[in-house]
Amino acid sequence: MDLSWLDDFLWTYQNVIHSVGINGLLALSMYVVLAVGQLSLGQAAFMGLGAYSAALMTLKLGWPFWMVLPLSCVVPILFALAIGLPTLRLSGVYLAIATVGLGEVLKALYVNIDYVGGALGLTGIPEATETWMIYGLLALAVLAFWLVARSGIGRAMEAIREDETAARVMGVSCFRYQLGALVVSAMLAGIAGALEAHSTSLISPGEFGFEPEVSILSFALLGGIGTPIGPVVGAFILTLLPELLRGMADLRLVFNGVIIVVAVLFMPEGLVALRLRRRSA
Amino acid sequence: MLAQQLVNGVLLGATYALFALGFTLMFGVLKVINLTYGFYFTAGAFAALFFTRYVVASVWLALPVAAIAAGIIAMACDGLLLTRLRRRGAPELSSLMVTVGAVLALNSAAAALFSPDIRRLPVGLVSVESFNFWGVRVTTAQFLVLGASIVLVGALIWLLRGTRVGVAIRAVAENPEAAGLMGINTGRTAALVSFVSGALAGAGGMLIGLNFNAIHPYMGEEMMLRGFVVVIVGGLGDIRGALIAGLMLGVVEVLTAGYIDSGMKEAVSFAILVLVLWTRPSGLFGAPKLRRA
Amino acid sequence: MSALLQTRNLTRRYSGLVAVDSVDMEVHEGEIHALIGPNGAGKTTLFNLISGLTAPSEGSITLAGREVAALPAERRAALGLARTFQNIRVFSAMTVLENVLTGLQPRRRCGLAATLLRTPMFRREERTLVARALVALETVGLAARADEPAGGLSYGDQRRVEIARAIAPEPALLLLDEPAAGMNPAETEALGRLVRRIRDGGTTVLLVEHDMGFVMDISDAVTVLSFGKCICQGTPVEVRSSPEVMEAYLGQKVAARLAQRFAGAQAGRASA
Amino acid sequence: MKRRSFTLMAAASVLGVGVLPRISLAADTIPVGSIEVLTGPVSPYGIAIRDGETLALEEINAAGGVLGGKKIALTVEDSAANKDQAINAARKLIGRDKVVAIIGPTLSAEYFALAPMTNQRKVPVIGTSITSIGATDIGPFCFRTSLPEADVIPAALRKAMARGAKTIALLYANDDLFSKSSYDQMKVAAETAGLKIIDIETFATKDTDFSAQLTKVKGLKPDAIGIAALVEPTAGVLLQARQLGFGAETQFLGGNGANSPRLGEIAGAAADGIMVGSPWFIAKDTPQNKAFIAAFNRKYGKNPDQFAAQAYDTMHLLARAIDKAGAADPLKIRDALMQVKQDGVMGPLSFNAKRDPASAEGVLVLEMHAGKFSIAP
């Protein structure tokens, strides 16, 4: 069988294939926060921090990618702690409010620092991301979340999501779980950012603002947060759909927004309304 | 120069305060972080734009038109998006998520419909002349913003403190269930509060669009970021706090740009936000409200 | 008998209102202790203070000799405190068994690493927890419905799920907030047997209840609260004959009855 | 391998790709690609470019095409000002449509994102609106026909100095690449020309309040103020500057972003007197230009702008290069591009060794009066 068309296909759609997987990771990073009943609107910002710190390690320090990739989650985690520690002690939606402007503020910061390339961003980032890395990490993350969901930790998370007060009197420390989830989420987003930076040769300040942020939320809500697979499926659909429906680019964001509204109002379980059966006695 | 900069700061701060007014009212009563609020602001500005361009070029007529149009849109959004959740007793996170999605859809749709170009209200709608007080310049539009802010704040306080409707609104803000048992129609009160907040936003959108000569589909989203800082620093739902915090933020931003570095403006406002969250999470003027309480 | 739970000068003020006013109370190990008083006497606030959902304005709470007033609710749960709620709070999307397993959180020892690696210890622990949860369900008589979603159960059964969830970790002290509300006489009687069985299993029970017959029938000790103050503490017989209680509480019997009926009607609506 | 190819075939059918059938078309037409911003806030620029190149394409094909009668088939892809979409478009044009050259993309950031990949794949990319420093340094297959602002701004600065300016303050939008590179080159040009830079202020493209910066600048009393930003913030700065009392004693200079009729529409009288350097002007009196404007009006019913003019010239130059190369081969076309010369609507056009336009002869200084640009006296 002649597979040269396959090479062409792979080359042509390499960037799409990468985006799909990276968006899957981002959707999972949103999932883990939603799974403990919180909302972070800073996932794109965390991704940007990962992308910038990774690109800087590669370009300015010349470190190899196998070192850069794991280290790319350090800065996002520090930011997550700085924002999560005060806000998660408070009730309700403070985390969401504190993170809503984070992406835009970091953008203003990036453009003002010449060391990180100003308005242009960082160019000439060597291509080091391989498709298998993205999908390997994605598979690993799904597996890990699945294992966690089917355990006492997963039960505690679901309890927090359903009723924080009841969870607390059962000995579940909402603060610790929520902070832990935020840290894991920042870590995932940061690594996704590093993969993104080393997949395309340029990252620029405007890529990590409010709109990508809300798009990430729409991935998670389309898929539903009953399982870790749901958000990934959501990300796949919403990344491929604009490729299929070209010429509707203006309406892409409208569509993402409408998905969130419809998901919350009419199908709180998500499109992929699965729920893990943990055990049958 | 310092005098001019302080005036610049106060005028900028007045626009922030004006914007934050309805936002904080909406949260105070309905207990919802409503991100579509920025869209009402845009809608008011566009309503004024079309009105002055195609109907009558008059500020005094355009202002109520902008307010009423935005108020109706706000009421419709609340009815379509939030009433259902309120009835279901859904967590506040759901309401927030709905409005996050809605504002992305609405802003993107507005941009697709009207094109994202920056427009301005017809030249000559207000005199472009500026007044000179001992070297400090203030324009007619700026006076208008300042004056309107004061009038709107006064009207809002009168509505809340001096009318029967205000009593109902405050009762719902305090405890919606008890208010319902006392015979207050909470659904109608919610619609009314949405209308008033939306109208404040719409009026703000027109005045600020007039002042800065810029009306575009994303103007509300731009203001929203500042609006968040203002309502958190002022304390969520605290009208007086929002006014003070708005003015403060305006002055701080202008002084940063004028005397430190114009590139640091955004960073400074966010730094204030984080600082307040760490030290006084209920805002500068409120009592701390921890989860345990 | 030593005091398992002791409050000293426990006070909670809201703006212009003292909900709980310097309450000194002792609950002894192995007893069924009832907390009674007319509506609005501060019983639920006192429960919230003891379980850690509300921070006291003043005073101390000791649990098994340990000062807990400053600890958050989740830490008190780990020290052996469990409770149910007046308005039922089961996790409706979870199955009955999962609800009870969640109640066993304080007994869980495996961390994230063991969870991810599915170590033998993790598997053993899951098996043990499920077994304990089933025992608790057996106790309340719901073992057969373990795999049904809790949200689909009847009001009375949800109440029993909540009790199973609370007793599964074998707490030292169990707080029951109006467990008999909305139950018919037969159900109330069964509940009485259940509470005794829980006590006999080694768990001290503190309960709020409006059904006087039920209270007087099963309680070893009774504390009477009125307008936030503790006005009487003793055995059911002592309390029944106390002139203060007669005056403060039984004088308002009609009101209390009405309140009870109202609560029952409300509960019935909630379960529908 | 088998399973992988199955998955990929499934993915291919999901994506609705027709990789195979397209290749057969390549025999009688020469595929050329273009990537422009056709949707979103920046779309007016991309649409102007598409209009310009489409007009040129029709002229070329009507005149018998290239390589002895073959027609050029142009595929225009939308990048939506999104880096990933621009890369996807370039990969599709090269991998699926087998284009021999790409015109575009519209934005410098998109150019920096996709050019390393196209350069590696050895397909020439010709930017028509790329003004950033270093864009064509990415590799030997990276071209542009737009003059870097370094070639345009000095003319305006010289005019200001001739009118007595000795000091200048610079204001720029630091969050926008186009504005930032405009500023970078304005700064170098001012230093080279001997103007004293007494203050540099920044703002964000979407800002509406510039009073703090302008108040500070006013205190320093510069002879001239250079504004490097897109047209809308430039208009905003001018309007507020007039409110704060800047008068005719201060000369205003704009970057390439200000070189748009929209400036007069938005800012009205406040924009009077601002000067910009421009590689092209609608009233430029050459036969090529007159013919272009007439043809553009016939086809689109409106006047072209500089972006349409640049794209129009670029498409003609590319056709010439394909003819000169003698084959639809990207490598040969690249070499031919280095040699072709053309006298188009912008003036003489050819590439220097760095693949930038070789000549800045056509640059004019424009000044605004009553909302309209004219050639500065």
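Order of writing sets the labels: A, B, C and D. Residues in every chain begin at 1.
Just so it is clear, contacts are C-beta pairs under 8 Å (C-beta built on N, C-alpha and C of every residue); 3 or more make two chains touch, one makes a residue touch a chain.
Given the structure is predicted, the values throughout are model-derived calculations rather than measurements.
A.B. asks: Between B-D and A-B, flag the pair that has more C-beta pairs in contact.
C.D. replies: A-B
A.B. asks: Just grab the chain with the largest centre-to-centre distance to chain A, centres being mean Cα coordinates.
C.D. replies: Measuring from the centre of chain A, the most distant chain centre belongs to C.
A.B. asks: Closest chain to the overall C-alpha centroid, by per-chain C-alpha centroid: which is it?
C.D. replies: Taking the mean of all protein C-alpha atoms as reference, the closest chain is A.
A.B. asks: Quick one: chain A and chain C, Cα centre-to-centre, how many Å?
C.D. replies: Here chain A and chain C have centroids separated by 41 Å.
A.B. asks: Quick one: report the Å distance separating chain A from chain B, using the average Cα coordinate of each chain.
C.D. replies: Here the centre of chain B sits 31 Å away from the centre of chain A.
A.B. asks: Centroid from C-alpha atoms only, then distance chain C to chain D, rounded to Å. What do you get?
C.D. replies: Here chain C and chain D have centroids separated by 73 Å.
A.B. asks: Which residue numbers or ranges of chain A touch two or more of the other chains?
C.D. replies: 108, 111-112, 174, 250
A.B. asks: Give me the residue numbers in chain B that touch at least two other chains, ranges are fine.
C.D. replies: 111, 261, 263, 266
A.B. asks: Hey, what residues on chain D touch two or more of the other chains?
C.D. replies: Expected reply: 40, 174, 202, 204.
A.B. asks: For chain B, which residues are in contact with chain D within the complex?
C.D. replies: 1, 4-5, 8-9, 11-12, 15, 111, 116-120, 123, 128, 130, 132, 137, 139, 208, 212-214, 218-219, 222, 253-259, 261-263, 266
A.B. asks: Report the residues of chain B in contact with chain A in the complex, numbered from low to high.
C.D. replies: Of all residues in chain B, those touching chain A are 33, 35, 81, 84-85, 91-94, 96-98, 100-109, 111-112, 221, 224-225, 228-229, 232, 261, 263-267, 269-270, 273-274, 277-278, 281, 289-291.
A.B. asks: Report the residues of chain D in contact with chain A in the complex, numbered from low to high.
C.D. replies: 5, 8, 11-12, 14-17, 19-20, 38-40, 78, 80, 83-85, 87-88, 91-92, 94-96, 108-109, 112-113, 116-117, 132, 138, 174-177, 179-181, 202, 204
A.B. asks: What does chain D use to touch chain B in their complex?
C.D. replies: 40-41, 44, 174, 201-204, 206, 208-209, 211-213, 215-216, 218-219, 232, 235-236, 239-240, 242-245, 266, 268
A.B. asks: Which of the residues in chain A end up touching chain D in this complex?
C.D. replies: Those in contact with chain D are residues 1, 3, 5-6, 8-17, 19, 107-108, 111-112, 118-121, 123-124, 200-202, 204-207, 240, 243-244, 246-247, 249-250.
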